[in-house]
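One chain, chain A, links the two complexes that follow: it is found with chain B in the first and with chain C in the second.
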Partner chain A sequence: MNLKKYLTLTRAGIIESLQFRLSAVVMVIGNILYLIIVYFLWKAIYASSGTDVVNGMTFTDTLIYLVLATALYGFLEMYFVWEIGRNIQSGKIVLDLLKPMEYRRYLFWSYSGTFVTHFFFTFLPTFIIVAVFTHGAIHMGINLLFFIISVVLAVSINYSIDFIVGTICLFTESIWGINMMKQVIVLLLSGATIPLAFFPDKLREIVYCLPFQSIYNAPLSLLLDANPQPETLTKVFGMQIFWSLIIWAISKLFWKVSIRQITVNGG
Partner chain B sequence: MKKNTLGFYFRIYFKILAQDIKSKMSYRADFIISTIGMIFTNIAGFISFWILFRNFPSINGWTYYEMLFLYGFSLVSITPVQCFFDNNWSLRMYVYSGDFIKYCFRPINLFFYYQSEVFDIKGLGQLAFGIGTIVYSWNKIGLPCTPLMILKIVVFLITASLIMIAMQNAAAAACFWIQNSFYILDFAFKFKDYAKYPITIFSPVFRFIFTFIMPVAFIAYYPSLVILRPDEVPLLSWLSPVIGCIFFWLSYKLWMFGAMKYSGTGS
Partner chain C sequence: MKCGTIKHRCQPYKQFNTNAEREETMSAIIEIKNATKEFKVLNRREGLLGSIKDLVSRDYKIVRAVDNVSMTIRQGEIVGYLGPNGAGKSTTIKMMTGVLEPTSGEIIVNGNEPYRNRSRNAQDIGVVFGQRSQLWWALPLVESFRILKDIYRISDEKYDSIMKLYRSLVDIEPILHKPVRQMSLGQRTLSDILAAFLHDPKIVFLDEPTIGLDVSMKAKIRTLIQALNKERNTTVILTTHDMGDVDALCQRIIIIDKGKMLYDNDIEHLKSFFGSYRTLKIRINGDHEKLAEEIQKELPDFSVSSDEEWISVLVDEDKEKVIDVLGKLQKSHDIRDMQLDEISSEDVIKKIYEEGVS
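Moving on to the complex of A and B:
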């Protein structure tokens, strides 16, 4: 595989995303505000529950989980669906399809630069701040390695889901509604808004059978687990690998079938 | 026909509205999917609320149903901004491309004409959802259902909605000075998510910020106190209708100031 052509796209992406500094500042302020709300809300919840541990999670655990979920969201949500939808509506997709690279790959690699900048400018600072403020509540050991591997798998699953949803736009020519539904489902069922440990038992069992929990819940629970058992590891990674393969195959197949139907208005 | 009377503006509004609905109906699939997307968002918001608070009889002295009332109140009071002021989201595009100049040549109020061009029907689902939530929690709390109470809640709902409208107007008007103001608008739009919690859960510093600097507490918390805690209504609650009107007027002035300054792009 010739990696050079992909890395060129990554580089271009990094340069492009560094252009929007004001938006980054506003985004960081927005995130901080959100985290303040999360902090006080959960503090009130734990204060009125009367115990230190609710559903097996302490206040610090919950806070780390939710803060890092937000940070992960900041770099997992790449607005691919919007991009695909806009490309379809404007007709630019024709030019991308003609490129000597598979569209699926081209789109991913042209956004990979944004992954890199977001990782260094939002995720890493948040992670360090959380680690410092919680006084070592995040165990620094092998779990970090598991976390990183898990995040890579999560990126792959998330991208495939986005690509499937983007492909649906080929048929509906509607972006807003489709994207809204995807976002709501993924955020709720992946544990990004409320840790899955707080879900009622029946609902949690269902959610564990769906691919979404592999995106946020899997990496975050691996990170919080200081002494992971081999069974847990195989289970979590097994689930993630299983879903990333399945959804990758579906997204590829669905795109292949759909691309024959494409109608482009101008371009 | 006499101009500048309320009746005149009403007639014009419905004429423009009819055109907008006709044009939306020509993209039927998009319309239906967007509506479903909106319903999804409301259901997901409700489910997360339920998951979060079902385990706890009260948070910080607020019972489950009182929290639910606040949630419903915030849903209803952000509906007008969704329905009537949705065109604010497109403002930066019009300003950027130069199309905004067309609004400057109409012989009626510029702000009125611009905002009346789009009516977002999706917001009506949210309205129904919000009213349902209010009625349900009203019953459960056992509040009396007198004409005075109904009058109070209607007046306070309307004036509370002015705060959210004012913040969106002001945020949208930012595009007259800076490009790519999407992030500011999106930032202000997220305030709605913070409005649904009682402000007493925050520390005094943030209570001050959310009351006087970013007036999110006026979207649901202060006005709801008039209904929920009629014995101990703080002065700020009684002032909230006035504050709503003042903020709306200020945002209108700011918006118009930006629009008057607008000099087109030369196209």
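Moving on to the complex of A and C:
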């Protein structure tokens, strides 16, 4: 059974992440503080604009979007770059390389358990709270299914990007700066901090062509769209599938070239 | 005598009791031919200005970590791989496991070139790297075992039989349900060794497995390694600085220094050369360095060295008894303290380096 060796890592990840109860609590508190800031910031933005609808979004729309984006961030951001970087610095990567499994897969599946727990402990509660408080502002229908498929693709793209950035650490042997840069770029261009509707037209067109919007904007727009048009679906999913394949191939190739470099030159 | 010549003299040999034993043991599992590993290292400059210049520097030097090493290791052997820090032991092991690719030469492990097919090679080897653990930190040991069981696709029967073997060898129950992070260093090393043998690999690499452990734990681990080697006919490559490990486990040792192979033969062979050596350590009031020079003049036959704490005399008891040497020194110096040691692995290597084995 081939899948078993991956699922066992998922299982271990779930058990492992459940061990750290305190960190889960701290994360929830941190998120709440962040959301309070978001609430007042956007309240001020809407108040100063003088209208109820800015760039086609009401205050409630924006807030729902940003709260869910934060919840999504809570389980999409797995700090893979840190993990890879730390493994390289400590030399633990040697042990991981000697598992009878491709490193890229090994790392992903080792963390898949954390995805599961974070989904249930941060995203789902936030989603339910938002759904209850906004009295049906989120449509409950086929859009939920589209959202889940879209999130799976987002996870894949996000992981590949992280893996590429992590691989760079093989050469730089430092993590902090590179990780910061990656986070800022991804969070801004994906629409995780500011909805893409607020971007200037030209910039938005460019951003739509980049892979980052497939991580946050794509699943969230599908979730909040009550009756998605077939064109929208093809466009969003097409873009996500296209980028997940491209970035997957790049990360795989880049890793292959880099690890060869390492086996030749030593780490 | 130069070290390069020694290697050719000491052909590895083994005494076999029966023909069957010979056949079983003869199959080579690791075959290294003239392996060399070079690293490109940036020549770092000093100071702030130097560091800035280094950012764009192309000034590399080539460091040869492993230099033309050849060896053949047979199924079921326990080989002690010795050498001072930085001798190239870990680099050789990394090449054998497939993490590093040799710059030149050939390495065949279990019929494969390990670096070309690392994942497949991984199925047949187990590793324990000193203080680094491959176990799942937050989970009880038995969970780590279950994960490894699935990753290495160990069948239920095989898993049960190896667990049965483990139970018969060590008292595993108290640690089996303990999270790894709560274990003592000794328990963790023990667990790591058990984990490395779990998928019944053909070869296990143990990189300084007894480092930092107390005497009783060391003994326990040595017994375990020996039993597993015997039960499963697992080939064990062991690097260590502890001569106790070597004495307890290895029939054969390979010594490497500065990347070059100095010695490859039975341990008995080596002991017969150095068995009569003892290190006499004495402490005298005064400048040790100066006193060591004086003592060297008094005892021209033996090598004398000194550090802050001790003046060490490497005495060959075939030439002169330690007690006589001590008597001599007592007459001319005021000895405050003394200690008598077996020859250390460092001394053996130094000795081989200086005089060779003939």
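Here is the rule we go by: the second predicted complex is superposed on the first by the 261 of 267 C-alpha atoms of A that agree within 3 Å, B and C clash if a C-alpha of one lies under 4 Å from a C-alpha of the other, contacts with A are read in each partner's own complex, and residues count from 1 in each chain.
Everything that follows uses one rule, which is that a residue touches a chain if its C-beta (ideal position, glycine included) is under 8 Å from a C-beta of that chain, and two chains touch if they have at least 3 such contacts.
Quantities reported herein were computed from a predicted structural model and do not represent experimental measurements.
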Classify the contacts of A:L3 with the two partner chains as first (chain B alone), second (chain C alone), both, or neither.
-> neither
Identify the partner contact of A:L33: answer first if only chain B is touched, second if only chain C is, both if each is, neither if none is.
-> first
Please work out whether A:M140 is in contact with chain B alone, chain C alone, both, or neither, and reply first, second, both or neither.
-> neither
Per-residue contact with chain A, leading partner among chain C and chain B = B
Report for A:C209: first if it touches chain B alone, second if chain C alone, otherwise both or neither.
-> neither
Can you pull the chain A residues that chain B and chain C both touch?
-> 20
Once bound in the complex, which stretches of chain B touch chain A?
-> 27, 29-30, 32-38, 40-41, 44, 47-48, 51-52, 54-56, 58-60, 178, 180, 182-184, 186-187, 190, 193-194, 197, 201-203, 206
So in the complex, which bits of chain C are touching chain A?
-> 37, 39-40, 65, 91, 94, 97-101, 103, 115, 118-120, 122-123, 125, 127, 129, 132, 134, 136-139, 143, 146-147, 149-153, 179
Provide the residue numbers of chain A that touch chain C in the complex, in ascending order.
-> 4-5, 7-9, 12, 15-16, 19-20, 90-92, 94-95, 97-102, 260, 263-266
Complex contacts: residues of chain A adjacent to chain B | 20, 22-23, 26-27, 29-30, 33-34, 36-37, 40-41, 43-45, 47-49, 54-55, 172-174, 176-181, 184-185, 187-188, 193-194, 198-200, 203
